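You will see subunit A twice below: alongside subunit B first, and alongside subunit C after that.
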Partner chain A sequence: MRDRTLWTWHIGAGLVILVLLGLHMTIMHLNATLGLVGVGSDEPIAWENVAARAGSIFFTVTYVLLLGAALFHGFYGFRNILMELSPGRTLRTIINVGLSLVGVALFVFGTWAALAAPGAASMGG
Partner chain B sequence: MASRAHPNRLGIKGWVAGGRWGFARYMYTLHRLTGLGLLAYFVMHIFVTSTRAIGPESWEQAMEIVSGPLFAFGEYLVFAAFVFHALNGIRLGAIELGFAVGVPIEPVYPYETSVGRTQRLAKAVLMIAFVVAVWGGLDFFIWK
Partner chain C sequence: MTDAAVKQVTFHVRRFEPGVDRAPHWESHAIPLTPGMTVLDGLWKLKELSAPSLAWRSSCRMGICGSCGMLINGRPRLACNTQISELGTDVVAVAPLPNFAIIKDLVPDLRPMFETHRELMPYLIRDDVAEQDDPTLEYWQSPHELEHYLQFSYCIKCGCCMAACPTVATDPQYAGPMPLGQAQRYNTDSRDGGFAERKEVLSGGSGPWRCHFAGECSQVCPKGVDPAKAIQLMKRELVSDLLRMRKRRDPAPVVQPPKGPRREEIPAAPPRTAGEA
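Moving on, here comes the complex of A and B:
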């Protein structure tokens, strides 16, 4: 894929991260403030709250979206930093293929965790 | 196919020496360092939070490991890195799309550019927003 297309995706992914990570951090860290308007939970990382979010379609979809956007943005940014150091042709191929494989593997693993979590939540109560 | 890019003679040394680029170069360096830090944290975060897929015991165990003042401070640093990276990313995105570069001005001595004026303002707004957010973050990460 051409670098211009990938760069556009990089910027688009940054915007997705800005919105979804902002939402994620609000839920996880501004819980006291959210409590003032009657939403959120006292202990966002307590198992019952983690299980409740794992069972929600909204949270599962946004987790997977955030995972994909953050992995692409992060690894493409990392690749650009490495490319600026003018590696040779073979090293460029290794960087491109290596980072793509690691990114895809992490996406598959993270998506598995997001999809398997509701099952674990229903078993664990 | 031969690369059309200019050779990067300075390499990583170019990150630390601002040269004639001054403050913007240090923001560029910090943008990269925060980006790399956030990526490292994110990969770790994927593994830690994936324990929820195994069950409550694994989750509690993982949360036990990442609790304590050292991790709270580490989380605060991650938050600060995110704030800087996001604000500077918005500034860079705005420049790339042609915003925040000002309108062209007459080329009169000493030849100041509209980009210089507008970007000084953009950088000042960014730094103020960063300080406010990082100061506010103390309340949620450190003094909670």
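Moving on, here comes the complex of A and C:
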């Protein structure tokens, strides 16, 4: 894929991270502040709250989306750093293919974890 | 005035002759400083007095030709455009532009830069080749359209921006600020229709995507051009094009020159010297 397309996806992924990470930080770390205006829970990491979020389609979708965006953004940035070390053609191919495979594997694993979470939560509850 | 009263300036000059020297080395020479002396004047004086074999590249002596770009006290500058007095020191260290191979002494090998420049097609690309080769009319362009690219057209290809760019220093794939800035200059020109051809090159690995936006190119440009801005504008245009959000336009039409009485203070164009039938 050409650098223009990858770079555009990189910026797009950054915007997705900005929104979804903001949401994550708000829910998980600003609970005391949110409590002042009467929303949010007192203990975001309490088991019942974790299980409730795991069972929510909205949260599952945002987790998978955030995972994909973060993986692409991070791995593309890492690839750029490696490319600036001026690798040869073969090494470039190895880096591109290697990072793509690791990224896809992590995405599949993370997605499986997000989808399996409701079942695990119900067993734990 | 006695000789003792003449102010001296010391030039540290980095010298290297491939095939003779194993590595570059520094030489120091003191020369008399005269009012208004530029670094280029100093080099000529140096050559006259104590270093006759010193080599550098220069031509116009007025900041137009871009030949005398060199590293002066750690900063890429034009030697002809730099007064020694403005350096604020009586020691002038002169070295060839970094990020280029050295041909001899202060002469950098600028060929890779110009080859990349050529690959990015820095000229008007239009269908009416006959009109370009033998103009009969004028390409219409408004002053507002001219403003879009005017500052980028001030580039004199001296290579100072390339010498200052940290990405050019470390990444041989990167095209660099001068070629990219000039590609943007033509992409923005309303008379040009070559965006589709240039984007084929610019969308690849040598395009603007590797720019870290350090901004050093714009800091050192002796003509006040802002290549860093050109590169960011280029990214925006290329991404807009990918997302099909770029406003398409046809190259400026060919029109009759404006009619009416000619203002007397404007001299007539000289007779053509080339392209006569």
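Keep in mind that, in the parts below, the second predicted complex is superposed on the first by the 125 of 125 C-alpha atoms of A that agree within 3 Å, B and C clash if a C-alpha of one lies under 4 Å from a C-alpha of the other, contacts with A are read in each partner's own complex, and residues count from 1 in each chain.
One rule holds for everything that comes next: contacts are C-beta pairs under 8 Å (C-beta built on N, C-alpha and C of every residue); 3 or more make two chains touch, one makes a residue touch a chain.
Predicted model only: the values in this text are computed from it and were never measured.
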Which superposed partner A:S86 touches (first subunit B, second subunit C, both, neither): both
First (subunit B), second (subunit C), both or neither touched by A:V50: first
Subunit B versus subunit C as contact partner of A:G74, first or second or both or neither: first
Which of subunit B and subunit C A:G110 touches, first, second, both or neither: first
Subunit B versus subunit C, judged by how many residues of subunit A each one touches: B
Which of subunit B and subunit C A:R4 touches, first, second, both or neither: second
First (subunit B), second (subunit C), both or neither touched by A:M25: first
Common interface residues of subunit A - those touching subunit B in one complex and subunit C in the other: 11, 84, 86
Complex contact set, residues of subunit A against subunit C: 2-8, 11, 80, 83-84, 86
Touching residues on subunit B, where the partner in the complex is subunit A: 5, 7-8, 11-12, 32, 35-36, 38-39, 42-43, 46, 49-50, 52-57, 59-60, 63, 79, 82, 86, 89-90, 93, 96, 140-141, 144
For the subunit A and subunit B complex, residues of the former touching the latter: 11, 14-15, 17-18, 21, 25, 29-30, 32, 45, 47, 50-51, 54, 67, 70-71, 74-75, 77-78, 81, 84-86, 106, 109-110, 112-114, 116-117, 119-121, 123-125
Contacting residues of subunit C [partner subunit A, same complex]: 167, 170-173, 199, 202-205, 207, 209-210, 235, 238-239, 242-243
